[in-house]
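Shared between the two complexes below is subunit A, which pairs with subunit B and subunit C, respectively.
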Partner chain A sequence: MGWKRGWRRKLTFLFMPCVSSCFSAAEEEQQAQSKKGLKKQQKEAEKAAKKAEKQAKVAAEQQSAEEDDFAKDRYGVSALVQSQQKLDRTLVRVQDLTPEKADQLIWLRARVHTSRAKGKQCFLVLRQQQFNVQALVAVGDRASKQMVKFAANITKESIVDVEAMVRKVEQKIESCTQQDVELHVEKIFVISQAEARLPLQLEDAVRPDGEGEEEGRATVNQDTRLDNRVIDLRTTTSQAVFRLQSGVCQLFRDTLTKKGFVEIQTPKIISAASEGGANVFTVSYFKTSAYLAQSPQLYKQMCICADFDKVFCVGPVFRAEDSNTHRHLTEFVGLDIEMAFNYHYHEVIESITDTMVQIFKGLRDNFQTEIQTVNKQFPSEPFKFLEPTLRLEYTEGVAMLREAGVEMGDEDDLSTPNEKLLGRLVKEKYDTDFYVLDKYPLAVRPFYTMPDPHNPKYSNSYDMFMRGEEILSGAQRVHDAQLLTERAQHHQIDLEKIKSYIDSFRYGAPPHAGGGIGLERVCMLYLGLHNVRQTSMFPRDPKRLTP
Partner chain B sequence: MGWKRGWRRKLTFLFMPCVSSCFSAAEEEQQAQSKKGLKKQQKEAEKAAKKAEKQAKVAAEQQSAEEDDFAKDRYGVSALVQSQQKLDRTLVRVQDLTPEKADQLIWLRARVHTSRAKGKQCFLVLRQQQFNVQALVAVGDRASKQMVKFAANITKESIVDVEAMVRKVEQKIESCTQQDVELHVEKIFVISQAEARLPLQLEDAVRPDGEGEEEGRATVNQDTRLDNRVIDLRTTTSQAVFRLQSGVCQLFRDTLTKKGFVEIQTPKIISAASEGGANVFTVSYFKTSAYLAQSPQLYKQMCICADFDKVFCVGPVFRAEDSNTHRHLTEFVGLDIEMAFNYHYHEVIESITDTMVQIFKGLRDNFQTEIQTVNKQFPSEPFKFLEPTLRLEYTEGVAMLREAGVEMGDEDDLSTPNEKLLGRLVKEKYDTDFYVLDKYPLAVRPFYTMPDPHNPKYSNSYDMFMRGEEILSGAQRVHDAQLLTERAQHHQIDLEKIKSYIDSFRYGAPPHAGGGIGLERVCMLYLGLHNVRQTSMFPRDPKRLTP
Partner chain C sequence: MPMYQQGNSCSSEHALQNGEVDPAVKALEARQDEILRKLYELKAAVEGLAKTVTTPDADLDLTVSSSLSSQSSTAVFTGTTDLDALLGKDLGALRDIVINANPAQPPLTLLVLHRLLCQRYRVLSTVHVHSSVSSVPPQLLSCLGPRHPDSHSRHMFQLGFTLIWKDVPKLQMKFSVRNMCPIDGEANVARFLFKLLAPYPSDPALATLVDSWVDAAFFQLAQGSSEERAAALRDLGSALGRSAWLSGPDLSLADVACYCCVLQSGSAPSAPASVRRWIKSCENLGCFSHAKTLLL
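Up next is the complex of A and B:
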């Protein structure tokens, strides 16, 4: 593939070199800086401002020198891509840059990850998602002095189109994912120019806690990350986390679809609070009020009454809890399951635990790169699980805790610290990070929970835990309208408000059970992370509504 | 498989016959009837009440006769299934009842679809979702007179466990899906008792409009259906519609996953109206106010700026429009796509149209039974599409309409009747029910739409249509912060409220385009239905918030 004369005119049309305008943006910087500006950040800002000044000067010089520049059509800032024309040009992916491509002239679009000028050369690292490659612009018969200067002045995170010769390297480039080749740049055009001052540095954002502290290297605090989420999501760690999350959803659905489940879509705007009146967001709905569903609970049960037999849904659930903890969000993604069973709700527990095991296996087998990428920044032990899944009864759990010195009554709910402690005890004894705790006290569960047939103080309900934290809550549900009415009255729920729900059970309802899984928690705990905001792209909590 | 003596005791334990209590419910009927009660419904109600009385009498007689009943352990009302024990019993699916199962004794759980007593026999039709089978309880050495009476009195829609011998029949049973066999019932236990008076009859709910009118047969109006959605969803038509809908979601995701798209989860509670201030629901959020996302638009674009390259999401979108039409809902499911492209947004149009074509093909090839089931009640022409998909420019569409006598300006938006007319003209000329209308006037599109590079009155935007109705709206987006600011100002949008969105484009943003598809509309139009409420399980409109 050679550089063809015919293209030159086309490129001149498409990529109008307009170097002077390309630095004006740097002078107008208006983006928000995290208010908790550290001294270090200020210094960097001053440095960046100086750099921008220098760039402007360079640009001016460059323009005057342009007429003498033999390479002037080989670089520049492209006009805004507005779909002016269809270019018959193949862009190669960075991850495909291997020695097999050696000595080919290719086109590529990527971000400028870093750049370093050195005499008559400029070394760039070009990045595409989690992949990057070294590129060299050097004065020679393809690049002029001016072109090298131009390249050296392209701001980090800008997007460029590059035409380059792929060359094998003698020594592996350890700092890049593509270690065996580098690119010798013959043309470079800026497609989208980043402002000179970034609100956070990507290399800081992936630095493990504590690393490089002595050299005064910064890490990025969580609020700065979340305030500038679009940049933070570009890091290898974030890319890995959310690609894995996409995988969890897919594994969840594929496993259930194979088991004969049907996907349903349930309404989020509802007329009455589905799980009692507390912790529910109110919506103004034309001339009346409505609520945001705290779970698809009532609707997935109604689908069981409507003969869908086995259903699942993936969607947002809303909790107006004023909890500012590492594991609470006001909006999260629920992976919900509901299923008719024949004679015992353990049939459903087995379906759910098998689904979880299929997810764990799928992640282990297909997302190893992502797991290792996250581990580099946030080290954790590999996630362990048993087959079949360990199931303990609540009373057994309480006994283990008492043995470890915890004082609690038979019917007390588990506190978060006790859940974690129990997780550690279970890990020690059974070597698993995933287990089911079955038969919770009836008193601590919602009104629609089926009481235990043998002991009215307990119930046919269960939680599932990963690394000692709850990721699923579920139960056999009451499928008899009369018993359901009694239980709702016992919980002092206004029957009028759940009338259509209770009525669903009057025309024949099969025994059924189910559960709701928190997607962000599953991802957080599988990866051994410590804050659910790390696994929510745009987290919502009582204090955060943006971006 | 014979009837084993050892089981008898177990069954006696599990299925405590308590016949007297099983009819008391009928006397207490309190469920809501549609207020628009037709005379016919009143008559039915009286009939049902009389039947219930009779049932009570029968029950009393039965109890007195019970001691003499040799079959008394072979039928009854089961105790509430509370997971008392694990039964090692295989339940056969109705759809698996074929001649290969002939002369086998099987257990089955199903609903009583209809029942008809005739002398010493009772014919039942047992239903599981869209499948049903005939069952016979006849006085003989397995069933007593009392048992036949009991079976005859089981209310429609009750769920029963049946042990029966599968028998081949000589003449096909035309009224059932399982036409070659019937069941000779040896035991029958009621697992969940339906109230005697149903709010609607399933056979009325699947009757095509106009059919049987002369015989005074009823159909069910939409409000009655939706008020009693749990019953309405049990019809073969509803089962087919929502299984097909589940299929659309799966085909959408699988196609995009194969193309390298990543699934994202975007927040629904947002701090500012994403598409301007109109038509947005307000949520009270702790001490402040928030909004419900009118689309994932801003967030999916931010994911593109965050290097996810190609993303999709499936989730609820909310529109506070006071529109009571056949195609508007206040909450519907959006299938959203956003994708970086290289040089021209037609790259994205091609990805989206190919995805739609894969959905159409998947439905045609894998959901033929469901399509035909729906067609029985709602006849429609098979859905036609071309490969590659037809793409017309807006000006071409306007010219076709003008030729057909419509008066409209070049930059006027298409009214709904004109969209439909254009759909018919396109169908006549090109024989397709699916096409793209490209290059809309800039003035009628949202602020983030990229203007046409050659004519500032037009834009790089498109709608897609099925059977003449819009199912997708999309465009190339402005990916330059400065131009985006100008466009937002032009639309008088408060820049402060979309600051984090605009800031996303300051640090390098690739050219990108996308679109949002309405799931309910796709299902409605593919099946040739006429109201989007038919393809929303629990529809929400300005007048409906329940069930």
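Up next is the complex of A and C:
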């Protein structure tokens, strides 16, 4: 700005030596330069003087501060924990801070969720997974002014060790999970400092996408969350979701083990696409290529032919489907079951549905805290089911759809909108979010599906639905090599490619059936969430390979 | 009592090589025929006796069966009802009646009607427990009887009867969600189910009489105060003093409803003599006996 204003003057100043006599030009130039220089020097001197003054003031303050800081041993940034000493100190969990612990002096380690100074006090919210508690650093006989200031300046997400007195509160602290107590801090040390600028704010990440008072306030979009997954997973909602998911896996294993199933592990690098079709990932395998398994189907069945009778496996499933939908991932966790039966494949359906019901009951009875936490951000209807599970036949489903105005042929497959509509109709009539649709038309099922014994248009196959979305596709398998060959030929499948599969049934194979579910999809539907990426820790889809 | 095969289909299988029948086998067959004849006579006698108990003023008439044998093919109601006319065209799939009931108040009337329906039609019966209820006593799980051996093929049945034990304030029935609103209350569902068995009497006065007894059963006997109950029992007593059943010579919905409500209210022992006699008549009909076990 200064240059612009005085440019005429400056230019004339520059020109002037040229206009005046030549022999005094150099002299005058020197004069001008020294004038400029002087001004510059003056300015610099002023600046330096001001700086020095300021520094002296700060130093003086600091000195006086240090002199007055009686609490300086009770706070600060700790040295990096390199296992210097083995302290035998009990750290109390935030979720255990209840009125029973009132007036006890305790240590705990938590993250600083928020810190806010208010005059001579600093309010902190300390967070540990799904739980948080209010903490107070107040100037008094335990804390000094400097300590309060230090606490207020601790960056969000830093991990701190705190020694505090637990005190009961008169009024419930509505904003925290521990509502009946607060901590009066006597010592606070930073164990691991977080950088000042966070890529996303946790309060924004748990805010419901809402109307009313929440409208207009920031929320975090899915891509940002997934790009900064480590921080996003710290939210109370994420903690609850993945704890529930862990519960699903555990209930699956426990229920099946009690029923006498054996857990198996199947190979994921395979030589041929098991289901046929282009949706397989290829990997280079030494001098040749191999594929990543689309499902453990082939191996589950081989285990049955190997007399393991009832098996299940939990492992990754890879589908190279270029589907960018709310419910598809390229890699997900498959929970698969296969079982030999005595006379009727319904024995297997009953086993599978009973397992699902035990999982639902286990979640209903033991994970209410997690379900409520998720509902705070993503409200939904609680999951309802019947015991024993409702089983409808395909023809009944078609009749219900036709009654609702849908036009479809007897042997048509159900489109996704029709599946959703049927789910709603079933919910209206039977009030259940989980049911089985049995006896699908043979034409729309894979070649290894056993045809119905009385009606060649139908098959011994079934799908299971949660909240109107398919979670399991299963069937009685063809266990006769001859029939299997005929069915494969009917579907125009190259017999060479499935030779080893057909061979498994040549040396005595029991009748068997099974099915598989996706862990992420089941969790998403149980909780009433709308995108499977919310229930996958590090999701993989056609557009995402990191983190 | 099981029905034994008549006819000598066995004898041809026991023929010897030379075409003659072994005399020992013949003697055995003669004994078998004798025993079968005696069994038939016994059965007829018992059935006859049963008639006198159930319809004291009528002759030994075999057109109204007592259903002592639960597998009897002759049903209590032999009126003409058309399922297609009542429930809508059969779209090639099971017509499933869904009843949501609270396990704290088992609907005895509906269970009796279920038995009657099973005599008349091929009914697929299933019992479910809804997730809103944590558990139910075992007799409520088996209240619709043993599982039908063909229950894996739903389309082979004419009617579905699906009972769901659920935490509901009032009993509710759902059938065709598109065309029918839900039916609330045990009395109303009972009326609907009864009409699948037999039409109401065509005489409007008689039809109203049946309805007023059904109302008396649910509002006074089951839910009423002790005075209302006593008054209803007195009315029952005088009505049953005049005829064998509440709305004339035949069993009707009025009897089913009143019997169940009397049983549930626990007033049977203190009822007038005519009522106690009528209770015994009801219990002689196989379809009523099951209801009593559910009260324990």
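Observations on the structure shown:
We adopt the following convention: the second predicted complex is superposed on the first by the 472 of 547 C-alpha atoms of A that agree within 3 Å, B and C clash if a C-alpha of one lies under 4 Å from a C-alpha of the other, contacts with A are read in each partner's own complex, and residues count from 1 in each chain.
As a working rule, a contact is a pair of C-beta atoms (placed from the backbone, for glycine too) under 8 Å apart; a residue touches a chain by one contact, two chains touch by 3 or more.
Remember, it's a predicted structure, so these values are computed and weren't measured experimentally.
Looking at the shared chain after the overlay, A:Val406 reaches neither subunit B nor subunit C. Within the superposed three-chain model, A:Val58 lies out of touch with both subunit B and subunit C [touch as defined at top].
With both structures placed on the common chain, the touch criterion links A:Leu105 to neither subunit B nor subunit C. Among subunit B and subunit C, the chain that touches a larger number of residues in subunit A is B. In the overlay built on the shared chain, the residue A:Leu390 is in contact with subunit C alone; subunit B does not reach it.
In the superposition on chain A, contact of A:Ile173 is made with neither subunit B nor subunit C. Legend: residue contacts after superposition of the two complexes on their common chain; A:His346 is shown touching both subunit B and subunit C. In the superposed model, A:Gln476 lies in contact with subunit B only, and not with subunit C.
Residue contacts after overlaying the shared chain place A:Glu263 against subunit B, while subunit C stays out of touching range. In the superposed model, A:Arg234 makes contact with subunit B only, not with subunit C. Residues 344, 346 of subunit A are contacted both by subunit B in one complex and by subunit C in the other. Remark: subunit A residues 344, 346, 360-361, 364, 383-388, 390-393, 395-396, 398-400, 402-404, 425, 428-432 touch subunit C in the complex. Those residues of subunit C that touch subunit A in the shared complex are 91-94, 96, 98, 100, 126, 128-132, 152, 154-155, 162, 164, 166, 174, 176-179.
Considering their complex, residues 25, 31-32, 80-87, 89, 91, 109, 111, 128-129, 157-159, 191-195, 198-199, 229-231, 233-234, 238-239, 242-243, 245-246, 249-250, 253, 257, 262-271, 281-286, 288, 290, 292, 299, 302-303, 305-309, 314-316, 318, 320, 322, 330-331, 333, 342-346, 450-454, 460, 476, 479-480, 482-483, 499-501, 503-504, 506-511, 519, 536-538, 540, 542, 545-547 of subunit B touch subunit A.
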